[in-house]
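This is the structure I have questions about; it appears just below.
Chain naming follows the written order as A, B, C, D, E and F, and within any one chain the residues start at number 1.
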Amino acid sequence: MKIFPVRGGIHPDYRKELTSEKAIVPMPLPRKLYLPLQQHIGAPAEPVVKSGDMVKKGQLLARAQGAVSASTHAPTSGRIADVAMVTAPHPSGLPQLTIMLEPDGKDEWAELPQPLADPFAASSQEIRERVAAAGIVGLGGATFPSAIKLNLGSQNKLETLLINGAECEPYLTCDDRVMREYAAEVIDGARIMAHALGTAKIVVGIEENKPQAMAAMSQAASAFPNISVVGVPVQYPMGSERHLTQAITGLETPAKKLTAELGVVVHNVGTARAVHHAIRFGRPLLSRVVTVSGGAVTEGKNIDVPLGTMVSDLVAFCGGLKEPPRRIVNGGPMMGQPLPSLEVPVVKGTSGILALTADEVNERDTQPCIRCGSCVTICPCGLVPVEMAAFIRKDNLDGAAKLGVMDCFSCGSCSYVCPSHIPLVHFFNYAKGRLNEAERDKRKLERIKTLAETRTTRLEQQAQAKKAAAAAAAAARKAAAAASENPDNKASV
Amino acid sequence: MLLAVGSLVAMGATLGTVLGIASRYLAVEGNPLEAELLALLPGAQCGQCGFVGCGQAAAALARGEAPVTLCPPGGKAVAEKLSKKLGVKADLSEHEDKGPQYAFVQEDLCIGCLRCANECSTDAFIGAPKQVHTVIRENCHGCAKCFKVCPTEAIKMCAVPVTLGEWHWEKPGSHELH
Amino acid sequence: MSARTMTLTHAMVLGSFCLGFGILVAATDHFTHDEIALRAIDDLQNSLTQVIPPGLYDNNLVKDAVTVKNDEGKDVTVYRALKGGQLTGVAYEIVGSGYGGEIHLIMGVTPEGKILGVRATEFKETPGLGDRIDAAKSNWITKFTGLSLGDPPADKWKVKKDGGVFDQFSGATITPRGVVAAIRRGLEFFAAHKAQLVETH
Amino acid sequence: MATSYKQIVRDGLWDNNGVLAQMLGMCPTMAMTTSATNGLGMGLATAFVMATSNLLIAALRGYITQEVRIPVYILIIAAMVTLVDLSLNAWMHELYKVLGLFIPLIVSNCLPLGRAEVFAAKEPAIPAFLDGLFMGIGFTGALTVIGAMREIVGSGTLFADAHLLLGPAFKFLELRILPADTGVLVAVLPPGGFLALGLLLAVKRMLDIRAGKPIAMAGAHSV
Amino acid sequence: MQEFILLMIGAALVNNVVLVRFLGLCSFMGVTTKIDTAVGMGMATTFVMTVSSILAWAIEVFLLAPFGLGYLRTITFILVIAAVVQFTEMVIRKVSPSLFQTLGIYLPLITTNCAVLGIPLLNVQSKHNFIESMLYGFASAFGYSLILVIFAGLRERIALNEVPRLFGGPPIGFVTASLLALAFMGFSGISAN
Amino acid sequence: MTLAYTDKSAPFTHAPTSVQKTMTTVILALVPATLFDAWLFGWPAIFMFLITVGSCVVAEALCLQAQDKPVGATLSDGSAVLTGWLLAMSLPPWAPWWIGVIGSVFAIVLAKHLFGGLGQNVFNPAMVARVALLVSFPVKMTAWVTPHPLFSDKGLSFADSLAITFGHAFNVDTMTAASALGYVKTELSRGVPVTESVQNLPDLMDMAIGLHAGSFGETSAILILAGGLVLLARKIISWHTPVALMGTLFVMGTVFHLINPDRFADGTFHLMSGATFLGAFFIATDYVTSPVSKQGQIVYGVGCGLLAWIIRTFAGYPEGMAFAVLLMNALTPIIDHNCRPRAFGRTRKGEPLEVKGEK
């Protein structure tokens, strides 16, 4: 299959060898699980259990709420200890409403929905409902509720389901291991999703540095002529759906549009496997594969982790830390979120936990920008990071917005190459935050404006009505007076 | 000499006429700036700026008689926009936002006097006379007018908390400043 | 006030200011006009005496002028020095091209074609480099006095850098080159029109 | 709204100096400052024009309508300039030969018009006259200093040819600071003009900071 | 044809109004903090300069020269220019209030933009004919606008710098102009040969 | 604790790049040509080089000190050394000591630190210095000497060399030679056609190797080219600027030479003379003062080449590269403003792309 060139990007030191040969091992149940109500993009889920309830494995704990949301289920059986604020796995360190579950050790399954006998006979609607009920969100990092993505076929004419096995982030090997060990499950999940989406073609894109995964997936797909497994160049951020789509179809997704406009829907391999579990066994999303790696970890591993496990428990399972880390990262080193501490839970979007040493992070004091242009050359979005950052430094956020800072998807390539070690992405994240805030404020002001206008017109109408009433009353009075006077007059005449 | 003076006078008179005519036909009605400024103001007509509503505030701004930081509901963002529009360099660091606020009615104290509801420029209150009132948070823009009129001090102005979704990174380097 | 009278007012205001100040300026011109003309003649006289020594003439140099067309067809005013009715020298302006544009020079020549003197009158050469052609800054220009077309020989009427005899200033060859060429052309002009210039009226 | 005389003097000479604070009249400031003497001459001629035109404009402003005010101001200034030009040429010819070139340019110097608009159009005649005078003197000062900076660095002299402007008595002003032919030529060329003014502005800012005055980062034009 | 091209190159680059002739410096410094404003001012000035070159030529040829009124040159030229500018001001105010807002006090100052008077005077001095006057006026104005835009670009970039406190604002502007003038010295001496 | 981990957003890995590494690589790429020219022009050239680099470093240190910036840390980025180095390479090799000192002040104080220091200058410091010196001291700055190789019989003694750089004992005039461009230009102004005057110049091979008069670093085209190729290979610079620059210069030279060989020198001559290689690989590529995007760099390179050719051919100065670079420096913000890459998923104008018609 022809692979189209993709602009920009970098070739970081991958360090996947730390964990790539470590088979997925299950994580023993920890003493307590912490399940935040929001592990996805969209509205937080609504808890359906309360402190003290006993739950079974797979039982619904919190229900999706609103148009974009996802449910959460109990990863094991046990007692709800509390529903309270717990530090979120997020750089802000802000607390978040979280269900705490004390496992009873029995790991007893709740009654699961019947598996679909033949998913390919089921309607798209039915599959989507199952996927939604299973609380599946995109496991590639964006954590967008998958059921909604599976509905894209209703508005667009879709051709291709692209299974994203690029795993371009350094260190991470969870997708690689999933493809090697569970290729058949991934392929089956992909076929089910393709059926739901109505796409004829499935393409699995895998970076060429994962030959075993390619082999396993090709093997698993060999029975299905509509599935092709293709190698894509090793070039970060090949895993970004727009770039992967471009590499495979040659088409460029218009700004502010979805790849679906081009007839392509992208799903992660982990998502496909979760769909397989949900449809074939009725199992909700209860655990995910997490790569634990980094120079500060005693032994890197790929672990099948029950959601809600504390990162500290996870690290302890890997033999603890052998030296104090410089950064603890949720996700890959390029796009992951730094964590405030180890005392935060693993959530659906946690693809990796990295404890990185100072050497690996290679942080240095920022020097003045020497305008080398590297950031411009490598930006896969065709932006000008150097100028955007200069504007943001001088608080000219509108200027940065004009240069397209909102198009930046924070891939980190620019910061990575900058010889002056300028935290470019940090500048952009700050600007995006401020601009979003301004947008929210603007919307609020508009709302306030209409409210105020409504009130003014209401008051005016009231005043008018009052005046009219008063006038009418006066007229009436006058008329009455006249009426009463007239007889007098008459009388006096 | 006569020629010199004559031609100069003729020229002056002609140019004067041309300019006079031009000034008649090219006269600009109203002040377009005022409308532009008005568009930038929140339009809450709350009167916190000391003017009777945003229209007058805009007029005062256009005349240069009001500082760009006049509008508390607009906050720093509006002040920035105004100063940009007017080309005024305002010291906005002074104008530190207290952060957005909202009014919260302590139900045990509210006597249902309706004063707050009458004062509120955005009809953010629900409740009928002699009944406990509550504030619709999304409709409240934190002007605190209700807070000032409440006879029982039942209204509390609270800072709008930052949620995970609204949190954003600080500007790089701003930690060193603290 | 109606719009029409408004317009009229503008015209009147500007017109009357023009009238007032027009009179002022015209009056000043009236009183200074003759004086200024005299000053101009003085200036010309002064520069002419720099290139024609005072002892050489008894006529009014400024008045005794003829106009001759040069090779390029441009009019050149030639001032003639007479002593006892006898022609003792002529003076005229020549133009060379230097680094900063035209260099205006005035030169005086004896009827025999020998240089009486050359002075740069107007130029825009770089201060510190090319302005050494100014007699006030250096005596370079005075070294031409006494030379003629044959002395030095025609092919040596160049700066040293081009194989001639005249010094260039260090670092600024273009200016002297332009001046030397202009003077040579001035001498050639004299030679070509000698008959016309020498004949007395 | 008359301004105090002290304020007028201070503004003209330093605080609101035409060149150093308002940054008007830049053209002669650059073009006429290849030597201190040139700067001085240009400055004096400008000062005269500014003082008289300010006086006239303030005195006559009651008769000027808004629509034609600019042409009238210009007319007055241009008349003054022509007056100076012709008179100098006729009666002070030696001086004229030194200054002659610069004088017509005064008309288009934006400082006199700037003062006419900002000051003379609003204030009584006497303060207006003084404003013009001191603005002019401040202008002269700035031009002389810039001229001196450029002349010293560029040609190694100071006040060369001062006697032509001021008379033979002032020959003592003419100094040679550096040995002959050791000037940094660029100083008397266009780049030197801009640079000298840039440095002078920085010096003024330094002095103002020392004196504890608030510093304006922008010129008169940024409102 | 060639001479017209040379005339225009000379006026626009070699003897650039701002950097070599030192004309129009006040607005050069004043309106160049943003590229957009510089473009606006450049267009306004180009218009005024071209028109005033033509008018000045007409006044010279039909009024001053035939009647020997040379001493009225400055005063008549400037009067006409002032009127043209005021006219332009009214038009812009009417047509584009936002442009008027940005050009602010510069519009009246175009009158005293020395370049607008200087170029017509230079035209008379160089005895340019009608076509030459117009071209010279236009090319000079073009050179002026060019420098305005280049300089505005530089200043926009410098505005993002951490310039030493003593030099922030106008001082660094002048230093930049100095270096720009230095660069333009490269064009000096351009001639046809 | 919290802040220590979360004071910065991703990425948490970084390429092994730094400003210091970049500058050092450029310096190393200059070493061969420098050594060759040091040998070619002898001790005075070595003194001049040391003085220029030294005074640039001192000037940088003083400027940093005056602004209370960290002196040691900033000096070690190597940019001042590089500026001094490139300035030295563009000066006449036997220039007196004060030329180097004054040049360093122009470069470091005026062109760099007044604008805020490293990365913030809008004009190339070394070229500002070179041009300011050329304009200020046209005599000294055009006094090129013929090669006097060290250890050869033409080589100068140490004492004589000291006298040349620090005193005025030696009459340099006796051994000056014009640079190739200067010679052709002067001859042309006397009416000698180019075709004739180039006959008297060293042949192309000598020009390429560097056995001719010229500035300290310009003579050896081949070694400079080698250094430039090293920079290309190490990805310090990209091909866009040098190729666009030299291509334009060559095309202009060739085309006009074909039109009128007596008036216009040919393309090869333009490439081989007047520090074209130094300019194309080391000077026009200065990050700070050139456009950041590749498109912009091509425009910039073409502009440099075109202006250099125009100035060399028509203007008063024989040497055009420095002016051309400065002029294009001035245009860089405008180029940057107009030559941005096309954003992903957007048209050049910044509008979102149209969705391609369904296949």
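Assume contacts are C-beta pairs under 8 Å (C-beta built on N, C-alpha and C of every residue); 3 or more make two chains touch, one makes a residue touch a chain.
Predicted model, so just to flag it, every value in this text is computed and none were measured.
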item: Count of contact steps on the shortest path from chain B to chain D; value: 1
item: Leaving out chain D, the still-touching groups; value: one piece
item: Lowest number of touching-chain links that must be crossed from chain A to chain B; value: 1
item: Identity of the chain that, by mean CA position, is farthest from chain B; value: C
item: Result of counting contacting C-beta pairs for E-F and C-D, higher pair; value: E-F
item: Whole-Å gap separating chain C and chain E, where each centre is the average of the chain's CA atoms; value: 32
item: Chain B and chain E: spacing of chain centres that average the CA atoms, whole Å; value: 40
item: Where chain A and chain E are represented by their mean Cα positions, the distance between them in whole Å; value: 57
item: Contacts with 2+ other chains: residues of chain E; value: 71-72, 75, 79, 83, 86, 104, 167, 172, 175, 179, 182, 184-185, 189
item: Multi-chain contact sites of chain F, meaning residues that touch two or more partners; value: 8-9, 110, 116-117, 120, 132, 135, 138, 189, 316, 336
item: Where chain C touches two or more other chains at once, by residue number; value: 9-10, 13-14, 16-18, 21, 25, 29, 99, 129
item: Chain E residues within the chain F interface of the complex; value: 35, 149-150, 153-154, 156-158, 161-164, 167, 172, 175-176, 179-180, 182-193
item: Residues of chain D touching chain B in the complex; value: 67-68, 71, 75, 218, 222-223
item: Contact footprint of chain D on chain E as seen in their complex; value: 19-26, 28-31, 33, 71-72, 74-75, 78-79, 82-83, 85-86, 104-106, 108-109, 111-114, 116-118, 121, 166-175, 177-179, 181-182, 184-185
item: Touch list for chain A against partner chain E, complex; value: 390-391, 393-394
item: Residues of chain A touching chain F in the complex; value: 7, 10, 12-13, 91-93, 157, 159, 170, 242, 251-257, 261-263, 326-329, 331, 333-341, 354, 356, 360-365, 367-374, 376-377, 379-384, 386-387, 403-404, 407, 410, 412, 415-421, 423, 425-426, 429
